[in-house]
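When the chains are written out, they are named A, B, C and D in that same order, and each has its own residue count from 1.
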């Protein structure tokens, strides 16, 4: 049995994500910037994961593999952060409460180590989830 | 020889810095250097110069490949799609100029479409709150010149609006704020110890999703009424202390971002923050301002409003304008299965919508107008690359405080590329022909 | 361009002194002419009223606060948006119509020129984008100067020449039309949550009083010889007892004479006079001060006014008088929006319901009508609703009905819940005057055009003037059976021409015309000091660069019409 | 009373706006005339008869008209829009705006209904046997005039933002409610037999909320004052009494400050 933890996921901007989207979303840099989950050291420990390990993040709305990193904007135990982008949006709560706005912040997710699973590139990830045929 | 162009406007975020210097080659074709911009803005200018740029429209083929087509063919596909659709959605508009937005509105009117901008996923809920309770606000220069209390609530300008603090909010020395940062007290409210929070005089590390409660508690504290011991993870004493700091200033400002607009409570978080601001005007002078993201999302709202009467989420399908987020808003339209064709321009829903709202786009006739390759272009049937607005073409834009600034063209786009506006004009004219023939 | 002849109408033209005579009006190449050829298109105006296109002297129809009103009032458009229709784009908005609807509605009522009454200079590009998207009517916009830091710093030392040079620069930078003052000093004080309620309240920090600002700007205006006079919304708007502040303000114009080449005679235009003519000490003993104010204006020929008629509607108030809107929100608790604009001005927006069941609203209605009925010279008193503050401009036909018919006024008085209070606190019940069509043409055409310095161009039907003509389905020879017929007739024109192009036919838009943006281009002597001051303020205190502030490309003002003023010899 | 039965036979590909399905629009019309009333699917206008089979003629007035809606109307909006009298029975589940802006008459929805039902309701009765969506009995965007009269009964659960800007009338929910209830209310009454989540009564000026179940997080602006015994629907129970929202402005009545009242069953 792999260890898993439940944590409250939020998404948002980072300057690295900002640079990467302007540099090209087809590039690996975008994945490096936004295909990550920033965790508090205590949560990394609970998960039993070293930093920079691939992890699978699952919510009622989807599942995605990202790289677990140690947060630089903490401490924030119990809260995980994925920069805004396709990786976060694979799993966040789309409920708008009839306001038009999805719940990008505050989705309970489970985390488990997925060291050998690949992290997809941004465009690749969305195409795959949408079932778009690629040459 | 090179040329230096001054007073250039950065087309990245709602801060809309207009003091950028760009150095271009003598023939005006190559952009060589960018000064004064933040790291993101610099990247934006420089990326326009990349050699692997797509310069012609492409259709997605059955086998998954892309076929290069002419702009005229792209115009034809787009116009036909809009002429046939029963409920098309024209989405985006936040990374293009007001002139293109205006043409887009003509197209929307002709095709009786739904039209919406990226407020859908950033400050749409702020607009709902403003409609409910108003908005005491000001321009950014007022903050620079007067403000001695700065509150960043659910926003992280150190990352999202990198020059905001130096140009307007924390560091500048203004008319009545000669000591710059020394004359200001900074409060940051955020569930994380963000890089902005690290600079604060006071950080309220609110329990995620409880902003509404904390704002209500502040209002109670202003009035000196009873408070529970702890609200949203913050001790009552600390809330009262924060309330006193706010009341004791001469001019205060609350900047808020997606930390509150996208969190449980949504429009009500903003509603309560506006109520806090109103309350503070009984004691001193206070303003509140949304930290708008895309550099011209504000402009899109303005153009929608003066032409149709509503700032976003506009539904023209019945031949006249209607508005009700929850019904006419993009995410709901997509996830509820309300629409049958999608045109995206100046935004990337593929990357920034919940995946359940992206999947329908991949299944319907769709056009993505964007200079970049994006997840949206990746799932659309037609990708139309265009000139970079604010770099290769000018046009009016609105800053986060609604101040209009006319963007400057600094270099020529690659040979034969159209701007957003030029492409849309062709679509409009073709659509007019199709409608007249029908 | 085509020729037209409007035949057999009853013409009312104060410019030529024509009082309802049957006369043909000829149009050629955009102008009124003496004669046209036999191929001219004939418009039959038999049994109809013919006037020049009407001129709106004060309305809030374009720019940031108007659009803020649109943005934050979806309920203002609920169930009232209109579809694409013939030439017309979609429209919407009861009190704050969209730009397209604004143009169409003015044109259908016979208006061909309108002034946006308060342009925050920093937002001039926004104002012009909306003006561009308002079809048909010629428009100008008044930049606000009464709380401007440059102006206050120069006038503190009574530096008229520098003030004038700055005004000239700003008019050019913003493509502005006139010098507007709103709550002088008070709006700057609002930067700290304060206000100036009298003309002698010092402005915090700037060491100047509203009186000094007002006088200084009159002097600067006359130094430059601008087409319009200084146009003022005084201090202390809307409070019981404010008429005294109004009289104090008006008295500041004493001794000043005009000096301009545009035929303008006044040195001060007092706007929305209704809001400034309140007596009493609180809302309980609130009463009309219309008599005191109009008595003064009747005696002093260097002043013109507009009315600001309350129309008894749900509307949206909006003004650069920031502290007033905050005060109003405290009274009605409806949503409050405010925008303070760096170094220049502010604005506030609050919805308001003028309910016929509330005595204050009914008294305001009466005061708005007393003013024009008490003014002796209709050439100096113009009909406005201070749109949308006292009511939407689309209610002009109703205001005209009340002014032209004592019977209509009495019917409204009788419908008020607090009729007795209206009669005791105002003299509306004893005013028998009924405005004639000729006087109406003075109050809505010749008068405002003259006040704006446009009398050579519009507001009349004299050969040589722009062919702005409105034809109403109103037969002056027939007695009015029902006052509502007046309202109906003035709501939708039989025909409207704007610069010689027919834009309305049978109440429908038939052309979007050739809309122009009117602005005033003043040339002054080189003034390096003012240029240095401007540069310094941009470097230190503005949030945008001077080069971007001045940028006003073709897409903002696609069809400009500049009134040239040479003040280099001043 | 005459009964008109409309049965969905050709379901729309997108959503159908059927704002003419109300006793007011049907009154005085024959089945054939009713079938000619307009409906809208996206930007296409067509007739009710294209989608529905219409049986029965309407009464002379709205009050004399009963409409029964059968078949799959999950993608139909605006049933009972602006109705002032008569009856409307919706046999299955339906979409947005049921009874929006209604002033009178009675709607019985036997299935679930989605958001914006009874928007700015002024009178009449709405009974939902299933669940109701978000913004039930709330004001339209930007309007401060929410539900001012009438009665809503939901047998199942209700969504978020119910009774926003309510000024009068009553909403009873037998099940649970989602976040935000009676926000900005200045009157009216909400009874919840089940549980509430958080943000209940935020910015409330006046009005009454009675919760029989739990509240996840209480608003800090609600101050505990006492205990009270109340009789609700014939049953007596003990409640904790809170007043609020203390952060909000409040009116005075007879010299006393009036607060919103929140009762939570002990």
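Here are a few things to note about the model shown:
We take it that a residue touches a chain if its C-beta (ideal position, glycine included) is under 8 Å from a C-beta of that chain, and two chains touch if they have at least 3 such contacts.
Computed from a predicted model, the values in this text were never measured in an experiment.
Centroid distances built from C-alpha atoms place A farthest away from chain C.
More C-beta pairs in contact connect the chains of B-D than those of the other pair, out of C-D and B-D. Each chain gets a centre from the mean of its Cα atoms; for chain C and chain D, those two points are 44 Å apart. Between the CA-based centres of chain B and chain C the separation comes to 35 Å, rounded to the whole angstrom. Taking each chain's centre as the average of its CA atoms, chain A and chain C sit 56 Å apart. Across the assembly, chain A contributes residues 97-98 that each touch 2 or more other chains. Residue positions of chain D touching 2 or more other chains: 115-116, 134-135, 140-142, 144, 179.
In chain B, the residues touching two or more other chains are 128, 131-132, 264, 316, 318-319, 323-327.
Shown here, the protein chains touch in an arrangement that is not a line, ring, star or fully connected set.
Residues 115-116, 133-135, 159-161, 178-179 of chain D touch chain A in their complex.
Chain C meets chain D in the complex at residues 72-76, 78, 333-335. Residues 140-144, 249 of chain D touch chain C in their complex.
The touching residues of chain A, when paired with chain D in their complex, are 97-98.
Listed in rising order, the residues of chain D touching chain B in the complex are 13-15, 17, 40-44, 77, 96-97, 115-116, 134-135, 140-142, 144, 179-180, 183-184, 198-199, 202-203, 217-221, 223, 245-248.
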